[in-house]
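Chain naming follows the written order as A, B and C, and within any one chain the residues start at number 1.
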Amino acid sequence: MEQRENIGPGRACTTERCESPSRRTFLLGGAVFISSSLVLGGCGGGGSTRGSAAPRFLEPGERNFVRAAIDRLIPRDGLGPGAVDAGVDVFIDAQLAGPFGQATGIYMQAPFHLGDKEQGYQLPFTPAQVYRLGIQRVDQHCRKTSGKAFAQLAPAEQDKVLHDLEDGKVDLGEIPSDTFFGLLWQNTREGFLADPIYGGNRGFAGWKLIGYNGPRYNYLEHIDQFGKPYDAPYVSLGGRNPVMCRLSDSPTGRFRGPGCEYAQIPARLHYDALTTTTGKVWPAGNL
Amino acid sequence: MARKLPEVDVVLVGFGWTASVIAQELTDAGASVLALERGGWRDTVPDFSVTHIQDELRYAVRKQIFEETQRSTLAFRNRPGQLALPMRELGSFLPAAGVGGAGVHWNGQNWRFLPSDFLLRSHNEQRYGKKAIPADMTIQDWGITYEQLEPYYDKWEYLCGISGKAGNIGGKIQPGGNPFEGPRRREYPLPPLKRCAATVLFDKAAREVGFHPFPAPAANTSKPYINSLGVQMGQCTFCGYCEWFGCANYSKASPQSTILPVLLKKDNFRFRTHCSVVRVLTDSTGKRATGVVYVDPDGNEYIQPAQVVVLCAFAHHNVHLLLVSKIGAPYDPRSQTGVVGRNYAYQLSSSVNVTCKERLNPFMGAGALGQVVDDFNGDNFDHTGKGFIGGGYIALWNTGGRPILQEYLPKGTPKWGSGWKKALHEDYLYSTHMQGHGGMMSYRNNYLDLDPTYTDDYGNPLLRLTFDFYDNEHAMSKFLTDRATEIARAIPNRGINPKPRQGHYSIIPYQTTHNTGGAAMGSDPRTSFVNPFLQSWDVPNLWVMGSSVFPQNPGYNPTGTVGALAFWAADAMKRYIRNPQPLVQA
Amino acid sequence: MNARLIIAGVLALASAGAAVAAVQVYAPSRSDQTWSSIRDGRYLARAGDCKACHTAEGGKPYAGGRPVPTPFGIVYSTNITPDPDTGIGAWSEDDFYRAMHDGIDRQGERLYPAFPYPWFTHMTRGDVDAIKAYLDTVKPVRQVNRAPELGWPFSMRSMLAAWDKLYLDAEQFQPDPKRSAEWNRGKYLVDSLGHCGACHTSKNMLGGPTGGKMQGGMAEHVFAPNLGAGERDGLGGWTREDIVEYLATGSNRFATAAGPMSEVVQASTQYLKQRDLEAMATYLKSLEGPKAGTPGTPDRDAMRTGAALYVDDCAGCHMDNGTGLPNVFPPLRASSAVQAAKPDLLIAVILEGARSPATGAKPSGLMMPAFNTKLDDAEVAALATYIRNAWGNRAGPVSEGEVGKLRSTLASAPR
């Protein structure tokens, strides 16, 4: 029957990690326990990621804008790395190239009216389009007022532009400037604080800043140690030395969007799991 | 051309909590039951596995376990006459798609409503006089009492393995529990969860200001548990990823962790995934449902005939199906006639951020790990002169410390730049927040109908939500937030930041997924779509489950009552199947 | 009086000459069809777990076709439904007994010992007949048997005569008068009908039994642990009640069935009578264990890496100290499966995940996810080494090579 949900072999994995267990070893020259975040940081002009792993949306000029902006939003300072050090531009680029940037699954039916603010996002643009148009017009605005693109401005000038954007004061055509700023800031925070498998939070920069040791599943013995630090090493869903995952669309469309299909499970186990004592196979979409 | 399939006894629209309960009960009674689920199959392994589930970006931020608006959403406006616009992105609430429904991604905050909640209008009129209820407030009694529902609450709690401390057993107040709760027959199946630093601070502070804190009843198991169906559950390990995530170690009650291992083995139960029900069919009299129409992912249409149709989908979706199927009289706010879409309500939550002096390690948490004060819920206190009726609880929930979304910084923190960074650095491990979880009355102009402009992926008009908060709610929220602020001040702190809910309702920020009403239950067919047994007055073989039957929304999370009502309705359905007649004569 | 005798008797009265022919038409292949015989046969078929091997994945019950990997190639299980052409519907009780007792089919061909006749050979004639009686009642399925895929010389069935000479001890079970009736019943169930040794006793190059009885052997791709005495890797620490609980429900305070044993519990042992399970436990508790060797010392770096991976990936269910949770997640501490002489089962479970049997007593069928996409060979080796040597456990270290080998075996295993 058509509705049968294929949860077995169809869950092919499209991330580099999952394609071949030995690939990571190969990429890291056999030294599995060398910090791959170092490898990430080390390959070429700051912030680039390994090879073709990260999909790209931003043009070089747009990338410069993003890097300049996020460097002000979360600057490197006495408390440690900023957004650029943490690879947030890599993160944003990958997100814009993926389902988030393309507004996959989002209701984009016309007609479009701006409406009241309580009615939520109503622009006819995907997040990627908001970036493209927004960057172009912010740069136009900067050239008009200061003769330079945003990335070329001095930090204090950049801050002023960002505040003006945030306050909705800059004319970006169809895009309210606070909407553009809101998206940029939202994605910057995400990239700084999301699991490093998405390309940002490199070297656990964001988590080290706040003191979040990463996802662990059992705090039963720790939760009532009131007031005491929890000092286990930083960990990601990709382990203690995570690598960036490619964005993937699973063939079944079950998990549209970013992320690795970590939970791939052998078909045989699935089958066993689905056979009942009566010999009925579930979950069977059968009639 | 729709293909007609063989008839089943009972077809369930949706396969979440209520469908699982109904299916389990009715298959036990011998009926053949089929559930149709719009989303996919999901199980603990592999879908919520420890290998990948703690992914805040993927699930909580990118919302990958929820319904996609592209398929179905609603159009929203605050008031009649305003142009409703589609909710393009999820925000305020998060309907699920997939087997288990929202039972997969809930926190596990599991409550009983107060006895007076079920008698809201009559109780308040009696205590405060008819004038205490504004003319446009359309609240009503439920048609059942707490006492009638109590055995079913009990059944639900022993199914889920609720961890908690009883406050009232058979009328006798129990130390350590909620002294305001209705009488229960016995203790919770499991003791309360361990406390964390923040809930200990809250408990002490709340006592200091004279309130009555107690451990929140949690559908997160405090110990390994064998439930009432013999299903094995794990023990919550405080990973901090309940809300918006599935549970990896079988310790949060969900259909998958409590019912499905038993239900799915039955030969008289079937389910189909990726089947979107788009219509309930009725015969020529309009008095009998004959089945449903659903669409598979290829766009093929099927007619599934059934003796009994039960709507078990998300609250909005149940009402939408009734409207597009032209079942029941649609509500008209001008004439105040009709029942479908009437009495939509929601929840009114507010918060107070507290930056404590003590390190809290907020990331060690559980969805329902909380300490609660119920002194200001429902009619637990005298409202005379307060300017509102109803109320809510004040809780410190330590659901986790997920870094992107769980940012509770002191007032005046810069929004970005080095100042923001400094605040996050200094405060993340020390910050928490309290929630004022307020109820919401129903009003003449808060309702659901069909939108004239926008359509869903199947070509049906979108549901249109007309909704706003009213003076009663704003006054209640301010009162609740002020009480929470009193508690916050009693915690040794470096800063507090009260955030009362003000202004119009907005569809953007997440508030709760406690959307209620639109197919209200009650004892008067002029003001309710279903009778007190959740059976349609108009179409006796059609039943509606879930919070869409709430006539208004009390100050608690709805799931406990949704579950109890499902068991209650299942008992009635068994009687109906033996003797297919309306259980209450209109 | 059974049906066959009635038919035969009635016909004999009519005409002796015709009776012979009539019996051949109506009954010669049918076994004893009394209700009690069928009922007993059903119980015995479950105890022998016939269905597990004789049903392919997604296939019809008892119609065969399931690939059984052996060191020599793949043998496919046969159709034992009563279909007269492709199944065993035309077989007489004698034919069936010869297969079970001598490993020779109705056509006189020798069967491969992947079919556990070296164990079934000890069964009583009555029990074998009862199984046949039951199999005659299952739904006949027309499905032609699939030829084995074996390399020369194993493809030559004549080889098997020599094998049988070497290894087949074709004798019916003889009770040991010095032992209790319960012990003897247990031995019968374990050593003949249950054919536990088919997995739990090691085999030599030719697939013949070798080494200590029930002291561990290979079950398809993974090591089936020692069922003899042995505090670490055997059942030395288990009480009779522990063994009974394990077989009846799929888990006990020491272990949860995983891999092939999960199927065995779900399809077979959970249905056995309490007194039969107690008898099996009594017999198992009387078995000797292997001589305890001295396991190699684990590498310190591997232990450190393994400990880190354990906290990051395993503690959510198995708890910080390896205790698991009663009735839910198996302990790894003091677990015989974890400390088995060969680590294959542990490695396989880490790589592929596991599912506990869904039994009447414990219906959940709790699952563990596969870590094959998350952990590489060196990581799995370190983790397994750690688990085998943490919390007082002591067993040989696991090498990256072992993991890699098993990973590719499992990846290419017939599904």
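Throughout what follows, a residue touches a chain if its C-beta (ideal position, glycine included) is under 8 Å from a C-beta of that chain, and two chains touch if they have at least 3 such contacts.
None of the values given here were measured: they were computed from a predicted structure.
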item	value
Chain closest to the middle, measuring from C-alpha centroids that were averaged per chain	B
A-C or B-C - the one linked by more C-beta pairs in contact	A-C
Distance from the mean Cα position of subunit B to that of subunit A, given in whole angstrom	30
Whole-Å gap separating subunit A and subunit C, where each centre is the average of the chain's CA atoms	48
Contacts with 2+ other chains: residues of subunit C	315-317, 353, 355, 358, 365, 367, 369-370, 373-374
Junction residues of subunit A, two or more chains touched	216-218, 220, 260, 262-265, 273, 276-277
Sites on subunit B at which at least two other chains make contact	43, 45-46, 49-51, 235, 237, 239, 248-249, 265
Residues of subunit A touching subunit C in the complex	13, 17-18, 21-22, 24-25, 32-33, 216-218, 220-221, 232-233, 235, 239-240, 260-269, 271-273, 276-277, 279, 281
In the complex, subunit B residues that touch subunit C	43-46, 49-51, 224, 226, 229-235, 237, 239, 248-250, 261-262, 265
Of subunit C, residues touching subunit B in the complex	313, 315-317, 325-329, 353, 355, 358, 361-371, 373-374
Touch list for subunit B against partner subunit A, complex	5-6, 40-41, 43, 45-47, 49-52, 54-58, 61-62, 64, 68-71, 73, 76-78, 82-89, 91, 99, 194-197, 200, 235, 237-241, 248-249, 264-265, 267, 270-275, 296-298, 300, 358-359, 361, 363-365, 401, 403-404, 415-418, 420-422, 424-425, 428-429, 453-455, 504-508
Interfacial residue positions of subunit C with respect to subunit A in the complex	57-58, 61, 262-263, 266, 305, 308-309, 311-312, 315-317, 319-320, 352-355, 358, 365, 367, 369-370, 372-374, 376-379, 407, 410, 413, 415
